[in-house]
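Pasting the structures in now, so scroll down.
Below, chain A partners chain B and then partners chain C, in two separate complexes.
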Partner chain A sequence: MHNSPLLRVNNITKRFGGITAVNEITFEIKKGELLGVIGPNGSGKTTLANLITGFVKPTSGTITFHGKDIHSLPPHKRVLLGIARTFQMVKPFYQLAAYKNLIIPLCSQRVKDMEGGKYGERDDIALDLLEEVGFERDSRVAYKPASILPQGYLKRLELAKAIALFPDLIILDELFSGLSLAEVASIIPIIEKLRVQGKAIIMIEHRLKELFRIADRIIVLNFGEKIAEGNADEVMESKAVKNAYLGAETE
Partner chain B sequence: MAKRKERIDRGIKVRSDDIFALSSWREMLYLSSPRVLPIVIILFLAIFLSPYWQRVLLSVAVFGILSLSWDMLNQTGMISLGQSLFFGIGAYFAGTMNHYFGWHPFLTIPFAMIAGGLFCTVILMPLVRLRGIYFSMTTLILPIFFERLIEAARIFGGTEGLTGLQSLPYSWLELYLPLLFLLIVLFGFRRFMASDYGLVLKGIHDNDQSVKSSGININIYKAFVLFMASAVGCFAGAFITHVYLFVGMPVFALDYSILPIASSVVGGVGTFAGPVLGAFILVPLSEILRQFGGLRIVFYGMFLVIFIVALPDGIFPYIQRKYQQFERWVEVK
Partner chain C sequence: MFLSTIVLGFINSIILALVALGFNLTFGISGVANFAYGGLYVFAGLTAWIFINIVKLPYIVSILLSIAATSLFGALIYRFILQRVRGIELSEVIATFGIGLAVLELFRYLGFYGFEYTLPVMFEGSINLFVVTVSIQRVMIVIIGIALAGGIWFFTHHTKIGLAFRGIAQDEYTALTLGIDSDFIATLSVAFGSTIAAISAVAIFPLGTISIEQGYVVLINALAVSIVGGLGSTGGLIIAAFIIGYLQTFTSAYIDTQWVMFVPPLIILAVLALKPSGLFGKQKELEERV
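== the complex of A and B ==
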């Protein structure tokens, strides 16, 4: 049981009309593992995240999580089982104050089951979570409406919303994009900590250097297909990858 | 040098936000008057009114209730163009129960709220998947559908309607029942939206995908909101049935759909207090304009436009801002 994978994606395919966004992809991830997903623009990374979280339904293939087939469950039910995500395009609740954004995940059945986030305490839990992802304690930022927060804070807020759900698996869709080097450097320890806590993490990234430092394993997508899998060095060495992706990027 | 308007919280607002509010009468008054004043006005206004204007006040209450129902749906991202559905369904549930089974109004009204509320929820639930204008258009069609159904199938009195229904046992109830109900719903809804569950609804309005990815079943929340809004709207219809002692096809009229929207827009969408304030302005205005006969609708439309252009956020948010903040011009370099 200890070594069985937490998530298993099996031959999953997604077609949008004529486009095959994800083609027969298979992979696994274990507890405490950090899996990187890379690939050129439009290679199907976000679609893969949407398939795992239930925002799009697969054309064929299965997904098992905690040994249970989840491929037909709606998104909120997958969250209840322990899958949380961030969105590439951040999706905060703009009219709410930053910390109030977290009240919504804290109202979910998942949180009630895990901890019983009782009414009235949720505000405190929310403020603690924001501090955890790098909102300065006692600054006013946490109380500002999300609509006026800069990108760096919105990304952190997105991460906090996922962490609030006590996830076993977190999918981070280009969390680092649009952030400065310093901001990325300050978020990496937060991710490392989540891994130490035994959570499985899937990081979709374009920022290869930072990803390669922390990822245990990497899969590479191109035109919806998995063209390589391995640790950073193995992936870099692969011919297919050089052709499809890294080759195109050497300036 | 350019100038910019700056808004600053009034000192008394800041003090009253905190526990210090308990330290002086002035602060306590500042905090409580926005709640106490409307209650006093709504409940005691009738004493000073002629029977004719009491009748208008009754109408204000009914439209105020429909506006509250509209604003509740709106705050969850459902823009209803068919408030008359709730009004009409409530009216027919109460009317038929009274006509065919002789139920007392004290029974038909709560029954119409619960059964009518459930009925509307069941019809509207399949529509909540529709976004924006698609949801709205369908709500516009539904009341017309029921109106034509009753006409064509000749059920529930057909075009004649059902007459001779039982009146409320005490005539003072005809005014105070809707006014009390209006107050309860107003403060109840405001309280609910300020709770954590209200936040979830605001979240659904903002971004439903983000709510789903927060592990929340948005359909349950939407169903709950639909039921609350339907039940409240059904109350208005059921109540009116026992005032007019009649129920017929006019209960599905467009007025009951349009006026709640106009009230909400004029008063301030998303505040509950605004839509009620809007009803308090628009319904009497429409009465005053009666003397202009055919030109009534022209003047009415003009006033609507003036209100909306002058205060696009609505009257209530404007008053609230003045109450809580003062403005001054500052120079910016």
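== the complex of A and C ==
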């Protein structure tokens, strides 16, 4: 049981009209594993995230989570089962103070079921979570509305919102984009800590160097298809990956 | 004359704010422009009348039943009709407008018009306010209006479900990602909007007779206040209600009563031409198009 996958995506396909955004992709992820998903722009990475989180419905294929078929569940029900995500373009509640953004997930049925229903009333838990992702405790930044926070803090807030659901699987959609090297370096330990806690993490990334440092396994997408899977060295050695990133070699 | 106009204008403004609150609450949370609002308003008034005069229930029971029935009606409209066309704004407008028309014209077809259709006042009597005598019913409307606006503010700022409401209002996608069932919250938003329509109806109808036309007037007034204030903005709504309320009262006092009905449509046109997102609206994309 321990080694059975937490999430299994089986032959999933999504067509938008005549365009196949994701084509028969199969992969799985176990607890405590960090899976990187890379690929050129338009290769289907975000559609894959949307399929797993329920924002788009698959044309065919199945998704099982904790052994249960979830492919027809709406997004909020998948959240209750333990799937959290961040968005590439951050989506905080801009008019709410940063810590209030976390009160909503802390009030969710999932957290209630897990922790007994008191978390949503406790601002200190929201503030602790923000501190965990790098909001300095005494700086008062946590009390400022999200609308005036700089990008670095918004990305951290995006991560904190996902963590506040106490999920089993977190999908991070280009969390590193728009961040400086120093900011990325300060976020990596947070992600590694989540993995140590046993959470499965799917990271969709363009920042390959940073991703390769922490990912256990990588899958590479191109034109909606999985073209390679393996550790960082294996995928970068793959001819298909080189072609996808650098263009096809001419004979 | 001037002082009494000020007092009456104040009461008229609160009445406008009261009828617009429900329309605005629903739009602010779920983005649904509920054009059935006038239909729901008359539905509340006439069901209260039926409970009192035909079923012969006590006044307070009839009022509560009518408010509950109207709220349920609102929830059913969302669940069975709006949920299917959610996000397609034109369809939402056509669906709600059609339901409102059907309700109003069904009541007309069934013969619910005439002077006998009146609701009793909550409290008899009148009091002197400065220079003008005001019925206690009007004072009650002012109290209800202020209490409801305050209650909505407290609800959305200090309760968990209120926080979820604001979450949906700000970003439905994010709310879904955080485990909020957006259809459930939207159902509640239409139901709560309908509750406010019903409370306004049972408070305001005792001032005159229940007429089908009031359904259309209330919808236009709610639209005017919401458009001038900026859809979804509660502070803007209250200020807009005072602008339109006083304009109507001064028009009635110093020009002629027959011109009062022109105030809401004219002010809608003026605001749409000059500042289409409303005085306090958050829909900045409208500004950028101008």
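Everything that follows uses one rule, which is that the second predicted complex is superposed on the first by the 241 of 251 C-alpha atoms of A that agree within 3 Å, B and C clash if a C-alpha of one lies under 4 Å from a C-alpha of the other, contacts with A are read in each partner's own complex, and residues count from 1 in each chain.
By our rule, a contact is a pair of C-beta atoms (placed from the backbone, for glycine too) under 8 Å apart; a residue touches a chain by one contact, two chains touch by 3 or more.
Keep in mind that what you see is a predicted model, and the values were worked out from it rather than measured.
Visitor: In the superposed model built on chain A, check whether chain B and chain C fit or clash.
Guide: In the superposition, chain B runs into chain C.
Visitor: May I ask you to decide whether A:Ile214 touches chain B, chain C, both, or neither, giving the answer as first, second, both or neither?
Guide: Neither: A:Ile214 stays clear of chain B and chain C.
Visitor: Considering only the touch criterion stated at the top, classify A:Arg122 as touching first (chain B), second (chain C), both, or neither.
Guide: So A:Arg122 only meets chain B here.
Visitor: Is A:Met236 contacted by the first partner chain B, the second partner chain C, both or neither?
Guide: The answer is neither, since A:Met236 touches no partner chain.
Visitor: Could you look at A:Ile188 and tell me whether it touches chain B, chain C, both or neither (first, second, both, neither)?
Guide: Neither partner.
Visitor: Would you check which partner chain A:Leu80 touches, where first means chain B only, second means chain C only, and both and neither mean what they say?
Guide: A:Leu80 contacts both chain B and chain C.
Visitor: Which positions of chain A sit in both the chain B and the chain C interface?
Guide: Residues 53, 55, 74-76, 79-80, 84-85, 87, 91-96, 100, 103-105, 107-110, 161, 164-165 of chain A touch both chain B and chain C.
Visitor: Which residues of chain B touch chain A in their complex?
Guide: 195-197, 199-200, 202-203, 205-207, 209-218
Visitor: How about chain A: which of its residues touch chain C in the complex?
Guide: 53, 55, 74-76, 79-80, 84-85, 87, 91-96, 100, 103-105, 107-110, 120, 161, 164-165
Visitor: In their complex, what parts of chain C are in touch with chain A?
Guide: So the residues of chain C touching chain A come out as 160, 163-164, 166-167, 170-171, 173-182.
Visitor: Which of the residues in chain A come into contact with chain B in the complex?
Guide: Residues 53, 55, 74-76, 79-80, 84-85, 87, 91-96, 100-101, 103-111, 119, 122, 161, 164-165 of chain A touch chain B in their complex.
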